[in-house]
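Labels run A, B and C following the written order; every chain starts at residue 1.
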Amino acid sequence: MSRDIAVVAFAQTRHSGEDLGLAEIEMLAPVITEIKEKTGRRRFGFTCSGSCDYLAGAPFAFVSALDTVGAWPPISESHVEMDGAWALYEAWVKLLHGDIDTALVYGFGKSTQGHLRAILTQQLDPYTVAPLGIDAVSLAALQARAYLERSGAKEDDLRAVAARSRAAGRSNPFALHLPDPDGSAADHDYDVAPLHPYDVAPVTDGAAAIVLAAGDTARELCERPAWITGIDHRTEAHAPGVRDLTRSESARLAGEKAGADGIEVAELHAQYTHEELILREALGLGDDVTVNPSGGALSANPMMAAGLIRIGEAAARIHDGTASRTLGHASSGPCLQQNLVCVLSGEKNG
Amino acid sequence: MPSDTGPSEPNHVLEFPGGYTRSVGPVIGRFLSELRDGRLVGVRTAAGKVLVPPSEYDPDTGEDVTDEFVEVGPAGTVTTWSWVPRPAKEHPLGRPFAWALIRPDGADTAILHALDVGVFEEGAKPPRFLKSGMRVRPRWRPDRSGGIGDIECFQPEVTTINAPTRLEYELKGGRALGRFLEGISQGRILGHRCPVCEQVIVPMKGLCPRDGVATSEEVELPDTGTVTTFAVNNIPDPRAPEVPFVSAYVLLDGAGLTMLTLVAGIPADQVRMGMRVKAAWRPREEWDRTMANIKWFEPIDEPDVPFEEIKDFM
Amino acid sequence: MADRCAIIGVGQTAYRTKRLDVSMAGLLREAAKRALEDAQLTWKDIDAVVVGKAPDLFEGVMMPETFLADALGATGKPIMRVHTAGSVGGSTAIVAAGLIQGGVHERVLTIAWEKQSESNATWALTVNSPFTTSLVVGAGGYFAPHIRAYMRRSGAPDHIGTLVAVKDRQNALKNPYAHLKIPGISREMVESTPMLWEPIRYLETCPSSDGACAMVLASEDAAKKAPSPPAWVHGTSMRSEPMTFAGRDSVSPQGGKDAAADVYRQAGITDPRRELDCAEVYVPFSWYEPMWLENLGFCGESEGWKLTEAGATALDGDIPWNASGGVLSSNPIGASGMIRFAEAALQVRGLAGEHQVDGARRALGHAYGGGAQFFAMWIVGSDKP
């Protein structure tokens, strides 16, 4: 079964590194309003969202988010307890077989209201790993060490990733504007060695929304639709001790299945600098590929939206005509356990 | 004999200074030496049975055992048990525990030991999960000296782990709710009128869930309304005064939707659909930015509203 | 437009208050391995895994499918996690079916679960934030006023809920996996139990269970190789509406009516009571049987209780509802919807054992959640659609 499906609109908050005092739905509502205005549609064939109860500290975070959509009369709707990128995947599948032409996808998270590192510990194996109290940054640092030793890359190479990402982020009005890692005393300190503070994505609040459309509807709603030529996601085993942390086999597989070749611009959901290097290798992205012109997650990482934003940013490069073949990537789980790759093309737009 | 009787200050003590010196022989000696190394062993009889703790003879026949020692367990199965609700000072544990006969895996006999099944108050009844057939394992002392006490006690096999989790948040209620609670702190009930459906939403959310549009037109509502439907709750809740208590949907006068609140000031079995009610506010000096300023809603002396007029608010 | 989708394997765990004998992985694998065995497949035959469960707070593991990925044979494969509150078991099956219907995969393992005994259901469902303004006392406290409103609107006599409580528990005695088994269950027994949330009595409520339910879904090609008769998906639908808004009917929500109309349209059904042979419907409080009979169009408004009273929904009635014993007999919340979907499939495959409805060829699976605002339904049949 095949059907031409495209990203036709993308909207996001101006992401914040501090709590602006808004409830989740107050943060999300303007984004939903904006994307309705951009597409001129108030109703969509399907709606799917991504969010996480643990960020809100209460069950059913997604229920009140539905209030922003205007779900009356009742709508065909679903939710994943995952990054919005997987909500987009679910919507893409629905467009493949359903009697619908449009889908609204959104993701949101307010990471500033809890202790994100401690929250992420709750995602680990509850029998033998979480009880140790190890946090996400410490786990990532184990992976960074393994990668540096295997590849011969140095901490300076990681800093270069941070410097490039932050510079790009400073020219993105939606990202946090973070200073260049300039070798100041604070930069010399490790967060968890070998990772410095700038190697770690900032705790960020934010939301994003995307509209997908099929065939002629896509062409009606967008001058240059970003056609999804391939999308796939894969996972690896959970325990960090049973896999090769220096490579991302799941990203490689997802990239292969999604047809990740000939890419001009890639938006990678790297939450740590070394993850970008591992992902570049896994996805076969050479030096000629522009990576994270938005600044990436290292400049703004609203949980549950950051992966969706990567797809939105990759699509936006096609919408604005700056590229004709781009890649959006999302990850989930500790040490890049799970990866999603979405390849977008403007080639059908002539 | 109850363990708490006996003289608190004895007038006679029979004690060999320094304790007896006992020779253990080759079989018990091997057993205790292995215990000190953290292993549980038995000995095989000529008939092929494995005895734990080992003895130098087959208890069935009196024949010498073989010289084959067999590592067993250390996990085992409780074959029988007793429960000590008030431990004596000689007992190995200072809190209620069980004595148990435990047959280690690979053994044909059982070993007697204490079985610790958790923390109980003195005098506690035996827990229901304590049963024959229960799987247990030794708790080894870190410093062992070659005695049965090298196993401090047995304890149940791990079937569950306790996983305390505590995550701390700094939640913000958001602007709309903040404004609503500000009103409540002044004794006012505020809502928003939706520009599309023109209904008043209370408490307001800054948007209309039905129409998906932002709302900002503030409307102050009276603190009177009508019970549309309700439940009589017989399960205690810390937020309610007593059981039975009534949780009811109240349609405030002028509102487009109901609020779930407590209804009191009337016996639960006299609450009615259509009953008119008014907010019972706590004393003004106790007001804060919380819905708790309203204790509950209580009946007022007005005729009930006919069901036909409220049936679409459920 | 959609490819055909078949259910070729179903697996369930025993549902119990506490499954202390298994870890989370063990619980899921118990159901998954039975589903694979039913389909005579192994882990390596599976292309993708779709997991569903209700709030993570039940087990205190955030996105637990992350650590369970390899326990579900998903290494190197896609795995997704659906969460749509109480309807999630149904939504999860629908998402999994979509992967077949969209031609993305040939064989998908879908599994929904809850291990409620790791914490406490009331706590996990109603963690209040400092800004909570409503007073909801457990799920029963939320739904009791709606039941009262139904009774008033429909004029139903008080004993109807009791009849459902008895009927579903009698059915449970024929289901080897069911949690609540009450030999000799009777109206007197139900009526002797206390009112928890009047008008809901203790035995008119669902239990809190540990359990998992799994299915193997397959494309038409893959289904040809299945060892037992498959069930075929004739239609799926999901609908959501906000929990509170001016003019909402919480007693017979529009979302349920719309989802039913959609799934009937897909399956070509105009008279569900006549054209369906049985239904597995999410009835966590006994009164929801007559309420959903009306909402799902099995009868006219205010007529649902008359069907229940006449025995139409009993195992030997003309339209048996919840032959498995339903949610009233087993309720691992996240799995409860998928159990409905899977039991509907078992009925049309003729594999429901002692609680088989004779000659069942088309069945409805139904789930709902949140404040009766999320709905998921499918219709399955013995024949290819």
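The rule is short, and it goes like this: contacts are C-beta pairs under 8 Å (C-beta built on N, C-alpha and C of every residue); 3 or more make two chains touch, one makes a residue touch a chain.
Just so it is clear, the model here is predicted, and its values are computed rather than measured.
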Most heavily contacting pair of chains is A-C
Name the chain whose C-alpha centroid is most distant from the C-alpha centroid of subunit A.
-> B
Centre to centre, by mean C-alpha position, how many angstrom separate subunit A and subunit B?
-> 39
Chain-centre distance (mean CA atoms) for subunit B and subunit C, in whole Å, is 28
Approximately how many whole Å separate the CA-defined centres of subunit A and subunit C?
-> 33
Residues of subunit B touching 2+ other chains?
-> 163, 165, 171, 173-174, 177, 208-210
Residues of subunit A that touch two or more other chains sit at 54, 57, 64, 66-67, 71-72, 119, 122, 126-127, 130
For subunit C, write out the residues touching at least two other chains, lowest number first.
-> 60, 129, 242-243, 245
Touching residues on subunit B, where the partner in the complex is subunit A | 161, 163, 165, 167-178, 205-214
Touching subunit C in the complex: which residues of subunit A?
-> 1-2, 47, 52-54, 57-60, 62-64, 66-67, 71-82, 86, 89-90, 93-94, 96-99, 119-120, 122-127, 129-130, 232-239, 242, 249-250, 253, 332-334, 337-338
Touching subunit A in the complex, subunit C uses residues 1-3, 23-24, 54-57, 59-64, 66-70, 74-85, 91, 94-95, 98-99, 101-104, 124-129, 237-243, 245, 253-255, 258-259, 262, 370, 373-375
Parts of subunit A lying in touch with subunit B, wherever the complex brings them together = 19, 21-26, 29, 32-33, 36, 42, 54, 56-57, 64, 66-72, 112-115, 118-119, 122, 126-127, 130-131
Any idea which subunit C residues touch subunit B in the complex?
-> 20-21, 60, 118, 129-131, 133-138, 140-141, 144-146, 148-149, 152-153, 194-200, 242-251
